[in-house]
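Quick one: this structure, given as structure tokens, is what I'll be asking you about.
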Amino acid sequence: MTGVALCLFLYVGDVAADDGLPDPGMSIEPGRTALVVTDPQNDFLSPDGVTWGVVGKNVTENKTVENIDALFETAKDVGMPVFISPHYYYPHDHRWKMEGTLEALMHSIGMFDREDALSLDGFEGSGADWLEQYKRYIDDGKTVVTSPHKVYGPESNDLVLQLRKAGISKIVLAGMSANLCTESHMRELVEQGFEVYVAYDATAAAQLPKWDGYSAAMTNYRMISNHVAPTSVAVKEIRKAYK
Amino acid sequence: MTGVALCLFLYVGDVAADDGLPDPGMSIEPGRTALVVTDPQNDFLSPDGVTWGVVGKNVTENKTVENIDALFETAKDVGMPVFISPHYYYPHDHRWKMEGTLEALMHSIGMFDREDALSLDGFEGSGADWLEQYKRYIDDGKTVVTSPHKVYGPESNDLVLQLRKAGISKIVLAGMSANLCTESHMRELVEQGFEVYVAYDATAAAQLPKWDGYSAAMTNYRMISNHVAPTSVAVKEIRKAYK
Amino acid sequence: MTGVALCLFLYVGDVAADDGLPDPGMSIEPGRTALVVTDPQNDFLSPDGVTWGVVGKNVTENKTVENIDALFETAKDVGMPVFISPHYYYPHDHRWKMEGTLEALMHSIGMFDREDALSLDGFEGSGADWLEQYKRYIDDGKTVVTSPHKVYGPESNDLVLQLRKAGISKIVLAGMSANLCTESHMRELVEQGFEVYVAYDATAAAQLPKWDGYSAAMTNYRMISNHVAPTSVAVKEIRKAYK
Amino acid sequence: MTGVALCLFLYVGDVAADDGLPDPGMSIEPGRTALVVTDPQNDFLSPDGVTWGVVGKNVTENKTVENIDALFETAKDVGMPVFISPHYYYPHDHRWKMEGTLEALMHSIGMFDREDALSLDGFEGSGADWLEQYKRYIDDGKTVVTSPHKVYGPESNDLVLQLRKAGISKIVLAGMSANLCTESHMRELVEQGFEVYVAYDATAAAQLPKWDGYSAAMTNYRMISNHVAPTSVAVKEIRKAYK
């Protein structure tokens, strides 16, 4: 038999308005708030990346690349701390005895592959490298780049510790991909007692004929996080908080 | 502005067929596999529960109550271990200084409320109590009832430890609600290196005009877990494995 | 062959003085600091408890019961939040397929046993119950009693979440037993980015001819935590901070 | 005031004999058992390392370098999986707002410092690099090197996930330093439901006039793990299991 899905989503402006749910909100508080970006890497965000065929349309429609850039620029401009949680796979990860569906897929297409944690051979410009236009933000000597997460969430890296050691308890969240790493980061950060504000168009997801990752993420962002808003609003609220 | 969502989902039979994704599958292996059920409690599954207005239609359509029952019955019949991860809120949880959207909502409607971890006054038959028809399975002296999870996932209870101490590494997952506790359990179990098989009609979710929790969960189950199947298939595979 | 241990420890006053290690210190900051007490239960602290034979001498020498009481009284008096992380074992815990040395021992002597998470039959006054003199503090409607930890640390309960949801990032730590649950709580809280101040005589440990749990704990408290001090000093610093 | 500690420890042969504690034991089971080594790095094990002044005597007495080597050699010879959990600090770690005592000390002496997670400049032969004689084991293309732990335990890296993804549930544990990273790994692995066998002379600790880290570790290894044995016995048991 079959599954039928017909979906049309247009997310513009205040997606939370009149939807029957409360909106706890999250005030941007300098000194306790950070920008967290998941997987700002070529394999998701560059037309040359291995997933462009399934995420490219959504990245383009959402202006994801531009929106993540706007968040980076704003955070750096006002002095809000920035944390990057990257995704890398090493040869030993390809020997795992058990893998979920998209773990299997990511491994089969060589996504985020690096030669070794202690080797940078072939890294520069690869699918695992940062999108070129973000390097000026990430390589400024201030951005905290955590160890790689290995499935989708930060359970297997040092993101939570780095945030706590910096006195951070509130997160503006962006990055790739919407319903996988970004959502798993949102969920785990909420489980760890952080407040999370999702910039919902500074992300995008794989969209397949039967499965729309972006629609799934939007639903869960709205239900689970403290607040969702488009990047244009997030940028304004960050600038206002730091005045 | 506004968000527009028009969705029609009919999930029948093999939802994974021809969807362009691999299917790693998960063999049911006696001695290493357990049934995990999240929140089999009145507030989700009884017409008297506080969430029936938003989940009742989906519970009814999916035959969620009957499907969870079929999984309980099958597991008990063949001797497969069963673990329950319940959801309780105590008065001190209502004093939290930060809450995500549905945490705020659950607290405001008194969902899963208990008087105290060390008091059972008023518990019997309350929204926090087990659905009456499941008590014969849960109270049989063999089922492991973990401590309550407090947000959505098992990060704040002993589920992972109890599974490992029982030698379990593979999970058949069911329970409520689809995109919240059930999905957060799926995600955390995968992060912890378990294989997860989701019985996708032994769950259901809140469905609001703008946000369909069940559709979101189906997408993420399919993309993240090792395998999805309807309860009827799961029951057959469990029985076959134990022959 | 054999292990020989000859140890004489007298901990009085400033144990950190002149020991060659830095002392980061921890300021008590109202609103962000809490008292966390592990296992203030009869099986550790009452002469009728199952471990009194190995911990009683150390409990008596340290005046552990009185010191924990002094911390409770001080915290309640000034309004500092108090969190209890208890230890309970249920019948299903006795069916674990793997146990470390003292897990095996605790189970064999029936330590912290309760009939069921959802039963209080026989709980009152049992080894798992609070030491009688602490009930006025713990049952005041304000103290947060977390779910039980199941091995030694708070990894399997909701302590970290409850602290974060209350805005707490600094801990004054006390309770039983020094090198097991108290130390595992210290270690995990430090891993989670909390600052920890150990009241080193508001705890005690099993002392066996070959193995001195208290000496081990003192070494690790001093090396790992942010600050150690006797209860008398901790009480003064708490009162001063809240003036 | 002062703390007085006079300790003489000689650990030879079966330290667990006649000590009044049960010995659960741990059978070495091919396919489910791995060797885990913490911090086999110059800053702990080389006379040129920054901690040699406080750990060198214990490393020499225990023959720690030789014992870790014997475990590596045995594991590689029989085909037992090997996992390394290293310790690295990056410039951003030096900006943490809160540090425990030895975290502060490690940072002040530049221990385990690297220039950046994405830079290997100056790494070769530095204090953060592997002890030279272990490189043939670690760089063989089979050993799994996890992300660095950042405090003492594996909570902030992917060790637990990598072990689970390899089907491992039993650990032979060795490495540096005894009461800090090695013990925190033991504790966390036990919390995660692993069985742990500590090779107690394939480790060593800082020993200060007032604080003996090795004595503390021995006490806690014996009380918490499943089994302790000298390397000579561990090597024999591994070889026997793989015959």
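Just so it is clear, A, B, C and D label the chains in written order, and each chain counts residues from 1 on its own.
Throughout what follows, a contact is a pair of C-beta atoms (placed from the backbone, for glycine too) under 8 Å apart; a residue touches a chain by one contact, two chains touch by 3 or more.
All values derive from a computational prediction rather than experimental measurement.
Interface comparison, A-B versus A-D: the higher number of contacting C-beta pairs is recorded for A-B.
Although subunit C and subunit D share one sequence, what matters here is the overlap of their interface residues, and that overlap exceeds half of the numbers used. Distance from the subunit B centre to the subunit D centre is 39 Å, each centre being the mean of its Cα atoms. In whole angstrom, the spacing between the mean C-alpha positions of subunit A and subunit B is 26.
The distance from the centre of subunit A to the centre of subunit D, each centre being the mean of the chain's C-alpha atoms, comes to 34 Å. Residues of subunit A in contact with two or more other chains: 98, 151, 155-156, 160-161, 165, 167, 191-193.
Of all the residues in subunit C, the ones that touch subunit D in their complex are 1-15, 17-24, 98-102, 104-105, 108, 151-153, 155-156, 179-180, 183-184, 187-188, 190-193, 195-196, 206, 208-213, 215-220, 222-226.
Subunit B meets subunit D in the complex at residues 160-161, 163-165, 167, 169, 191-194.
Taken together, the subunit A residues at the contact with subunit D in this complex read 91-93, 95-98, 116-120, 123, 141, 144-145, 147-148, 150-151, 155-158, 160-162, 165-167.
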